[in-house]
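Down below are the structures I want you to see.
Heads up, the next two complexes both have chain A, just with different partners, chain B and then chain C.
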Partner chain A sequence: MAMEMRLPVARKPLSESVGRDTKKHLVVPGDTITTDTGFMRGHGTYMGEEKLIASVAGSVERVNKLICVKALKTRYNGEVGDIVVGRITEVQQKRWKVETNSRLDSVLLLSSMNLPGGELRRRSAEDELAMRGFLQEGDLISAEVQAVFSDGAVSLHTRSLKYGKLGQGVLVQVSPSLVKRQKTHFHDLPCGASVILGNNGFIWIYPTPEHKEEGAGGFAADLETEGVRVSTEASLRTSSCLLLAMKWNWGALWSPGRTLRVPAAEAPSFLPSLAVSG
Partner chain B sequence: MTVLDYSRSLEQISEDLRVDGRGCEDYRCVEVETDVVSNTSGSARVKLGHTDILVGVKAEMGTPKLEKPDEGYLEFFVDCSANATPEFEGRGGDDLGTEIANTLYRIFNNKSSVDLKSLCISPREHCWILYVDVLLLECDGNLFDTICIAVKAALFNTRIPRVRVLEDEEGSKDIELSDDPYDCIRLSVENVPCIVTLCKIGYRHVVDATLQEEACSLASLLVSVTSTGVVTCMRKVGKGSLDPESIFEMMETGKRVGKVLHASLQSVLHKEESLGPKRQKVGFLG
Partner chain C sequence: MAGLELLSDQGYRVDGRRAGELRRIQARMGVFAQADGSAYIEQGNTKALAVVYGPHEIRGSRARALPDRALVNCQYSSATFSTGERKRRPHGDRKSCEMGLQLRQTFEAAILTQLHPRSQIDIYVQVLQADGGTYAACVNAATLAVLDAGVPMRDFVCACSAGFVDSTALADLSHVEEAAGGPQLALALLPASGQIALLEMDARLHEDHLESVLEAAARAARDVHTLLDRVVRQHVREASVLLGD
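The block that comes next holds the complex of A and B.
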């Protein structure tokens, strides 16, 4: 058993140690952005006393004459085509309500989900009654955004074999502003863990399966634990690294040229020594 | 936590592996600093992971209790600040605060924890009352352990001014404070106990649970242990039930872990004191 007690040490501010080419102009609500009245005001700002004042905490973005403040901690705003990781909160008549860290619960319609075996037919009353057999309250799923309703609620679909119920793994919740939109959000790390970067800030880290399952559509949740200790440790280590990266380096995750190096499996302790390049 | 998360954590804990990589009997890293509040007789701030506790001890003169005329006493007050979680806003934190204060009273309610006779100035008339105020700044699971560590560190840091009772010819007593501001008496905290909270998750029990792990656990056992491994008080919290064998196992683990906890705390407190007045104080803005 381990017990580490120590005296506190003053932490060095990060901006001195991490060299940045472009310094971000960070503001908090109430900060003056500029006193120049020639700018148009965008989201996150308001005009008060002849100067532009920020109303959210974030970084200032300027495009020609438009100034807006992009908030660091936001709710997820859905766009068609985004990959999200969500948690089922309710099972309703023909749909599931999914929590995705947005302003309204997202919706997963029964018709947007693949039937087992890949059948293509109209969903019947028996399918409705069997809904809880597929997904229950508390399950985690990966899905793609199909449409956005007028009130901002998002409609999801899992019409592909790579989406579906998630099995063993660790969920890390970060701010949605940190996850950039990319070509692929499913990555396999060399350390034995795989990662799904949800655009809504939910990141799912799981041990890489030895063989890719086909045809099941991802609904058979794998609860086996034999032989997965090494990859489980890898996924736990990755999640600790991710939490540290999020805490100390407010940069985007997985932008091109930036890789997250996870320490080798031979490292004796779990306190991760992080290397973020780029 | 989902059903799958819960079952996954059950499987992992059965292999002595938790979500953050710790073993079942490992604590998170603890940071202890004493003498952080200048207008108290003693203070300490303890950070265990993200749980942040500040304790201040003020020594005031008062009359002893009627049933114990030659002893001083301790009064505990716990304030759950609204900064910790939004649930503590307004009067939301009062219930938890009262529960923690009552637990502290129970732990210290024995002859050997603190030498109360040394707090007596003159029997039946004057004694020192130590008002221990606990402030919860941030809450991330395992409150009781952290609060006890902080109370012990604050009592170690407490300096009570030395007073003398002068009696003149008519028999009226006068209390004289010594001129030297550094002439103080210190309390011996050798026998002050520390709480070890053991949460039952699945078939095993874990020490130092985070908020997520506490949400998974249905029953916990609070064991108050001194530095020699003597159990002073035990309490069960939670809606679930514990069978007697588990209670026995958890108590043994608590004793074992408690001894190591005391040893580490003693060494850190002595190390901090040996640095002397030149040590760099980190405080709240570090």
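The block that comes next holds the complex of A and C.
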């Protein structure tokens, strides 16, 4: 029986096959962006001998008089209002240090944390001593960015019932530049899994809880009871699809309709549909 | 050295190159998904891999944190199978520590560390096959890895080695030429401004010849820059197409 075989060949560069003219000004460090001194310099540029020079490899973005270069891959840069998923690395005197894939560890102040039962009171010394009872090293939390310090470190808060300690689920880490800012980052997929798209690239997939608990304040992370089989399996499948997509560089993640954008030339013979049920 | 002609009468070297010619360079960026930045480079038969993590919070002793700039931490390691004789200790020996310090000096000159106070940038370089010019290959690989990680740099850092044989300066020495015992110079350059990040020589060379050897190394480093520039632009173009919009 005759079989057709092909030797491995180098993949054709995508930019040629897609045929799209990017129309973007791509620069590398050391490139002069402009010699016009009227522009303000933003991120990714620096001033050197009357010229504006790029300091990262990426595309130039111009907004009126501001020029900045957006790098392809960076660590997470916090902005007020972002939702992040992070891991506790340290328990300090009146705050927790949270690792969020950014340049410096983020800070979660004790006063920015909801007390169990939703009480509103000043944090006392007993609360300080009981900090480890709330969150320990290695716990995962979802939080919102409250403020950004001058050196770039981010201050988080969990002052809402939808934030707090995360229970059973799967964490998928992607590059922060792939997660776009949307109106809502908490989604329920039809297959029985729920997703939290952290702006810092940490994506939390967990089985959709049957009933939303009120008044838990995000502390009661249910690690004991096993989730319903169907929804746990769905969350595992979703995370596998996501990992596959990341491995094949399938572009940006955004929430409307749960679609993963795929450049036409790269679409393989099967497309994992996130609407798989059971 | 009897029996081994490093430069023939017609001007050809042992591997058939001319005096100022570089070896073939192939490079790739983004080879590891789990690191912030990574790159692989082949310069002739010398193969080096570089991985960058950072900038991130300083782990371990907080006391090492610099309040106004980032800490650059470089580690050099050469695989046990990288040289002709199997090496006992891949890292931790004197040569590796010295290389690490040299790499650190080189990259502290190029990376804009003032932008990330109190953080740490880790650069790990591993040589998989050493055939001369290991410092140059490490610097070139690390430059690509730092670019891949999105760490702001003043400019590329391109490095090349140079030697001097029969009153001719040779660029990009291979292991055979290095082992012959002549003077060797390693130069790391920031091509756009022509500034030197590191210049190292550990042999005796008459100062009259220094100019020509330095010139040969600088020219070779600029040629390396042309090649690396092409690699980076291609990578950026591909990645921006994948990201869309």
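One rule holds in what follows: the second predicted complex is superposed on the first by the 179 of 278 C-alpha atoms of A that agree within 3 Å, B and C clash if a C-alpha of one lies under 4 Å from a C-alpha of the other, contacts with A are read in each partner's own complex, and residues count from 1 in each chain.
In this section, contacts are C-beta pairs under 8 Å (C-beta built on N, C-alpha and C of every residue); 3 or more make two chains touch, one makes a residue touch a chain.
Computed from a predicted structure; not experimentally measured.
Counting residues of chain A touched by each partner, chain B versus chain C, the larger count belongs to C. In the superposition on chain A, contact of A:8 is made with chain B only, not with chain C. By the document's definition of touching, neither partner reaches A:234: not chain B, not chain C. Judged by the touch definition given at the top, the superposed model places A:46 against chain C, while chain B stays out of reach. When the two structures are aligned on the shared chain, A:167 is found in touch with chain B, with no touch to chain C. Shared-chain residue A:58: touches chain C; no touch with chain B.
No residue of chain A lies at the contact with chain B in one complex and also at the contact with chain C in the other.
Across the complex, chain B is touched by residues 1-11, 87, 136, 138-140, 166-171, 221, 223, 225, 229, 232-233, 236-237, 239-240, 270 of chain A. By the touch criterion given at the top, residues 13-15, 18, 20, 22, 24, 26, 28-30, 44, 46, 48, 53, 55-59, 71-75, 89, 97, 99, 103-105, 151-152, 177-178, 246-247, 249-252, 261, 263, 266 of chain A touch chain C in their complex.
By the touch rule above, chain B contacts chain A in their complex via residues 1-5, 7-8, 11-12, 15, 17, 19-23, 25-27, 29-33, 47, 207, 256-257, 260-261, 264-265, 267-268, 271-272, 280, 282, 286. If you check the complex, the residues on chain C that touch chain A are 33, 36-37, 54-57, 112, 116-119, 147-156, 190-193, 229, 232-245.
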